[in-house]
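Chain nomenclature is as follows: A, B, C, D and E, assigned in order of appearance, with residue numbering initiated at 1 for each chain independently.
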Amino acid sequence: MARRKRLGKILPKKASKFQKKMGKAPGTITYMGRREGGTSVVNILEYNENVLSEHIPGDIDAIVAHKELPEISWIDIVGISDEDFIAKIGKRFGLNPLVLEDIVDTHQRPKIDEYEDYIFGVFKMLYINNEQEIVYEHVAMVLLESCVLVFQEMDDDVFKGVRHRIKNKSGRIRTRGADYLFFALIDAIVDNYFVVLEHLNHKIEELEEVVYDNPTPEIAHEIQMIKKEVLRIRRWIFPVKELVSRLIDTENPLITKDTKVFLRDALDHSLEINESIQIYREMSMSLMEMYMSNMSNKMNEVMKVLTIMASIFIPLTFIAGIYGMNFDHMPELHYENGYYYVWGVMIALFIGMMIYFKRKNWL
Amino acid sequence: MARRKRLGKILPKKASKFQKKMGKAPGTITYMGRREGGTSVVNILEYNENVLSEHIPGDIDAIVAHKELPEISWIDIVGISDEDFIAKIGKRFGLNPLVLEDIVDTHQRPKIDEYEDYIFGVFKMLYINNEQEIVYEHVAMVLLESCVLVFQEMDDDVFKGVRHRIKNKSGRIRTRGADYLFFALIDAIVDNYFVVLEHLNHKIEELEEVVYDNPTPEIAHEIQMIKKEVLRIRRWIFPVKELVSRLIDTENPLITKDTKVFLRDALDHSLEINESIQIYREMSMSLMEMYMSNMSNKMNEVMKVLTIMASIFIPLTFIAGIYGMNFDHMPELHYENGYYYVWGVMIALFIGMMIYFKRKNWL
Amino acid sequence: MARRKRLGKILPKKASKFQKKMGKAPGTITYMGRREGGTSVVNILEYNENVLSEHIPGDIDAIVAHKELPEISWIDIVGISDEDFIAKIGKRFGLNPLVLEDIVDTHQRPKIDEYEDYIFGVFKMLYINNEQEIVYEHVAMVLLESCVLVFQEMDDDVFKGVRHRIKNKSGRIRTRGADYLFFALIDAIVDNYFVVLEHLNHKIEELEEVVYDNPTPEIAHEIQMIKKEVLRIRRWIFPVKELVSRLIDTENPLITKDTKVFLRDALDHSLEINESIQIYREMSMSLMEMYMSNMSNKMNEVMKVLTIMASIFIPLTFIAGIYGMNFDHMPELHYENGYYYVWGVMIALFIGMMIYFKRKNWL
Amino acid sequence: MARRKRLGKILPKKASKFQKKMGKAPGTITYMGRREGGTSVVNILEYNENVLSEHIPGDIDAIVAHKELPEISWIDIVGISDEDFIAKIGKRFGLNPLVLEDIVDTHQRPKIDEYEDYIFGVFKMLYINNEQEIVYEHVAMVLLESCVLVFQEMDDDVFKGVRHRIKNKSGRIRTRGADYLFFALIDAIVDNYFVVLEHLNHKIEELEEVVYDNPTPEIAHEIQMIKKEVLRIRRWIFPVKELVSRLIDTENPLITKDTKVFLRDALDHSLEINESIQIYREMSMSLMEMYMSNMSNKMNEVMKVLTIMASIFIPLTFIAGIYGMNFDHMPELHYENGYYYVWGVMIALFIGMMIYFKRKNWL
Amino acid sequence: MARRKRLGKILPKKASKFQKKMGKAPGTITYMGRREGGTSVVNILEYNENVLSEHIPGDIDAIVAHKELPEISWIDIVGISDEDFIAKIGKRFGLNPLVLEDIVDTHQRPKIDEYEDYIFGVFKMLYINNEQEIVYEHVAMVLLESCVLVFQEMDDDVFKGVRHRIKNKSGRIRTRGADYLFFALIDAIVDNYFVVLEHLNHKIEELEEVVYDNPTPEIAHEIQMIKKEVLRIRRWIFPVKELVSRLIDTENPLITKDTKVFLRDALDHSLEINESIQIYREMSMSLMEMYMSNMSNKMNEVMKVLTIMASIFIPLTFIAGIYGMNFDHMPELHYENGYYYVWGVMIALFIGMMIYFKRKNWL
């Protein structure tokens, strides 16, 4: 019931997705997400090795004003449903309309596009929310010369670690350029994939236990849900490997050689993640197999009980039926110990059957 | 019944397909579609940034006359079963006979062929008709210097959005060349794939619900139909990715650098579509698995009922059978409370069995 | 029975295949087919734009004599079991012994080999014979400067169309060189693959109907046969794509640029064929799945009938058994309406069971 | 039983394999095969176009002495378990220790290694022995300037044909260099793969027959054995294709251009073999599927018999039970024709059930 | 039970894995293994062709002091949970922080990273412990100019052979450089994979026996465990092939040409291992299939027993029931030999049924 409801809620949204966009010109900024109506909140963090300031600008012009400063600035825009606002930012930073379209298109697959003055990237943040569900959040990032623009749907905790390191001067982040910040954000996203995969692993191992002990149809359904979840995660995570390796290979001066060493590390993690997903996929398929084999096992057990009961008592009932006949001439009926003889035969038969089934290993 | 009929209608058409063409020389123009007999309707839309005119030319010469104009012209030919007419157009625009053959061959797989003066493309338009069926329509397009020729089987609504944008000067289409129009049409086709895939997704999710609740053989059949549909869609959609990327890589001056940025966007969408198809394929395979597991589940349930009923009542019937025997000497029959004792034994047995089955979790 | 016999006939032939050849030097001409003993029939068709002559040469020298003429000659050799004859032809045309070996090796997989003065190709002609079986015929072709040699096992109808076009001057074949003839023959072979695939499609769709209505074990066997057929066809057809694309890429002057445009068309068709085979493969696998699911469905139905009958009548029989006991003291037996009460209980039970099964959706 | 024993015999051998080698330095010559203790037998065949001599050398020095001769020499060493002997030969011919290690390592996968003065190759000879089992024999070959060294485990018959051709001057082998001999030996190995595959094909087709007629568990086991055999064969045969193509591409002067034409032929055969293995793999998987479907078919049949018998006779027994009750007041019992009426009802019920099952197509 | 406990122990560890690291800067040294708290034990082995010394240095400075010596030194650090200690070593040898991070990250996938002055590699050592379980141990190695640093979690026996060869001057290890030592260690790791795979092979073959004889649900579970084990092994072993081939292709002067010949040998082994894993994977999948087929076989057998018993005795009981009815007028009851006639009919029926089942091959 609950399931049906949940699906019911999601589907109409999805259905409206493409009708919204259909027929519009490419480059039209159309928000495709589910959290419409909210206004964007902008947060600017500016830092270099010595200085650090954080503030929430009053209006767009305030944002751009800050861009002139020599420090690295991390401009975080939370809430992307206000298409006009995004358009304004785009204009000020000189972003291509196609970039703006992708910023608000929450169904955009992960990608890296290089332009002359900036590098544009779209990723999916994955994290586990309080209801223990996997949340997929669209995040777009633009690397400019001394500035990183981040567009998110919701206030996040995936980037919390990076923010913390900047504020506490921990690690080397304060001594490096905007490209290192760009890397650090990607790295934070990728690192969080591990948490999600671990969550998945946990779930699969739990199901493994249950499948073995008690294979109910609900379990089969849950296994299918896991398989679907793995498919969906794979879809969003899989391209990341290629994107990071493209950043490593780029000749764009925005990415320095120093940062590429770190990107190589992120590439490593992406590879590991892709392998894990592959393994989880195979494990979830094994789960279904296991489920089917346990099902047919249960069936075997049921059939054995039936067969044993029927095979023993149907012949005995037949014997009782014989001596329940009303023929005038049935000599056995008049034997003094006929009744006991019959009992003897029945018990012998019973024991014989038991031995037979024992031998067949059915008991 | 209905199904059988539908197949019956399609098959003969298909059977005639290749016999029609067999033995003819390559380059022979042979219409391969199902809507024979109709005459072609030509619609010409001419525009530049300032001017816009639309008209239906009287004859072939009128079409070519218009080609001389400095504006971009979109020549839309609906209805391709008139082979002579196509041959005439081909001659006027200087198209290769092989191109003409492909224009009317509705079974041609998607392709891009570059010639010296023009680029020729074949695509499949997919859309959902009013009966909620997926329609596959063959469309051929020729990009010339300031002109795009479009050959379709039926009057469409897939290109409606493009036409609308031209007429309303929305987006940048009016300010760009024929290659942008060419791109815009491809983009419209690709965008519509999303609608079709969404329709498919809907159907799969509906089936998922039903499989879980009530796995009938009809459902199995529908799942197989979905699988087949996915196969067919994949066949027509899959090559598009490569075609678009070939357009991006081409050095043909007909495609400008500006348009290539937009084509990259279309490539992105094609990639996304291919991934989706892959996922739908796996989902439809999971559906079948789910169906099978629910089937064997139902079977398990049926067998449990049988086993419980038989295991309880066959032994009880045996006991009743014992005391229905007609032996002269059966002391129990003459016990005062013999009848009640037997009832006691029977009830005890019944309760014992119930506990046994309860323990086995069969109840 | 019939099946067993058919296999029995084929197997010994096959078994003798490699023993025949084993231990011989590479380049030894050993006929590997099944139609031994026949003599070769040679047919020569010579033509250019204006002239056309056809004749059956008396002996080998007559064949070569004709080679000197300025016209294009199509030398068709039907029957390749006469190894000496093939050797003589080979000598006259200067063919490599390995080429001659491949000409008579009917198990040779499709291939294109380029030599300095000629291009050698092996293909499989597939067609449907009058018994509606798929026939695989080995055909070897040699493209020389103004001559195409064709070696076939049987008189064919696959090349009939080409012959017809030459004789009727239809299409452009009469105005072009030997390479165009070479292409036209390959094209005819590839075109015929479509007919065979269509035949297969037909068979699969027929089986689909039957599987749904009446899944007998014979059907399962037929599905497996189809799967095997698809495997076999794929084996012979799959390499063609690569061969044609190698002809397109070759720098051999025997293939002119003009003909390459047409070869590109043939490549297109090969791609389409390969895709179709892939789809038929998946469809035949789906068929088997469908079969299995319908089988277990039938089983479910059988079990339901058994369970319903047993669950209703076993308890009722038990009740009848109770009152068939012969205890001296069974008060119910002496109730005036005892018999009717029992009937009442039985009918109530019956109705209760029916409602239960109805609720479970088993009726 | 037999099976268990056979496995018992093989496993300890295998288990000792790697412990033997573990911890030794790379390049240590450690015989890994199963035929220990035998001494090596050396046979030298020397020939050119005119001369031919064969002899068994007394000691190692005799072997090397012969190497000086201008003729081609084929030095055949049968028995490779004498590690010292192999080491001595290696020293005389200047072979790398790693080569010697591979010569005696019977588990080495097929490979081609090029060194400055020689080319080293390892292959698996496959043949059918008298017990109709597939035998895998390790063979190592070294091509030197005018000499081919062959190391085998057992006296073979795979190379018999080559030896025969040399002795009888048949084919071109006597007129060519050592590289042609090298090719001829590889060709002999590859040709024998066809015999083995044919054997496999035979077995699969036999099983196909049996699966259809009588699917016993033994058959399932045999199918699995076939699948395993195909896996094993694939493992040893699959790399050959690549090795031969590497020989074709090598720039090593030891392989002449003339011989490469023949190697291309061997490559063709390797491709064909790989395709066949692929097909046998799919066929063996189909076999298992077929087996499963026939199994569930048998089950269906069993269940139908049970259901028909039970559904007919349980209700009839119930009716008989009714009139076996001992109520004082059962009017029907006293009807004059009551007994016949009951028979009538029973027969009607019987016929009704038969019609019902007939309609369901269960009879 | 035991299983559940084991999982219980592992899971919390795993869960803590990524939370530990999350949010820290890349390059932070965080031990990720399970053996925390132990101190590192350093063992230094220094050797050249003539000299050999082994000692356990008192402190870090002692380690570096030794680095100045002209001999090859193998510095073995066992125990990597002391992050400060690792940091100090890193500083002294000038290692990049990312390298240090990977040294202690026991979940790092195998990799080779080349830096200017050193080559860094991570591998997984696999071995069978005394409980016959497969142990995965993280090992990191750094190749410097005349020194190899090895970081392990536990004191090992995988490298025992190498140590032994150095001490006994066996093989060529004492005469070669640090790169040969580096290779020898990798080779030892790879060689040990064979032992693990053999162990796996053993287990699979044992299961094969059991599946055939007695397919219990525990067996199904064990098969799934094997499948999972194969997946896990594949994950750690699979990348090794690529890493070794990268070492072969590197232009880094740290790896000499001589050593590359040996690396090629190690590459060969990696290829063989990957093929074996692939085969074990397919074998374990076959096992499951076999299990399922034997299960349904057992079911068939059970059903046959039930069907035979029921089909024989239900009709006989019906006959007995007939003559147990109490109708006043039942002429057969009064026949002198009625009782014997009925027995005759029953026996005839019994024999008939037996013949029927015999014919159906069910007995």
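Just so we're on the same page, contacts are C-beta pairs under 8 Å (C-beta built on N, C-alpha and C of every residue); 3 or more make two chains touch, one makes a residue touch a chain.
All values reported here derive from a predicted model rather than from experimental measurement.
Asker: Minimal path length between subunit A and subunit D through chains that touch?
Answerer: Steps on the shortest route: 2.
Asker: Listed by label, which chains are in contact with subunit B and with subunit D?
Answerer: Shared contacts of subunit B and subunit D: C.
Asker: How would the subunit C/subunit D interface be labelled, same or different, where same requires over half of its residue numbers to be shared?
Answerer: Under half shared, hence different.
Asker: Cα centroid separation between subunit B and subunit E, in whole Å?
Answerer: Chain centres of subunit B and subunit E, defined by C-alpha means, are spaced 43 Å apart.
Asker: Can you work out the whole-Å distance between the CA centroids of subunit D and subunit E?
Answerer: The separation of the two C-alpha centroids amounts to 27 Å.
Asker: Spell out, as numbers or ranges, the residues of subunit A touching 2 or more other chains.
Answerer: 292, 296, 299, 303, 306, 310, 314, 317, 321, 324-326, 330
Asker: Taking chains as nodes and touches as edges, what kind of graph is this: line, ring, star, complete or other?
Answerer: ring
Asker: In the complex formed with subunit A, which residues of subunit E make contact?
Answerer: Within the complex, subunit E contacts subunit A at residues 4, 7, 11, 14-15, 17-19, 21-28, 96, 98, 101, 107-109, 111, 113, 214, 217, 220-221, 224, 227-228, 231-232, 235, 288, 291-292, 295-296, 298-299, 302-303, 305-306, 309-310, 313-314, 316-317, 320-321, 323-326, 330, 332-339, 342.
Asker: Show which residues of subunit B lie in contact with subunit A when the two form their complex.
Answerer: 160-161, 164-165, 170-173, 184, 187-188, 191-192, 194-195, 198, 201-202, 205, 209, 212, 261-262, 264-266, 268, 271-272, 275, 279, 282-283, 286, 289-290, 292-294, 296-297, 299-300, 303-304, 306-307, 310-311, 314-315, 317-318, 321-322, 324-330, 361-362
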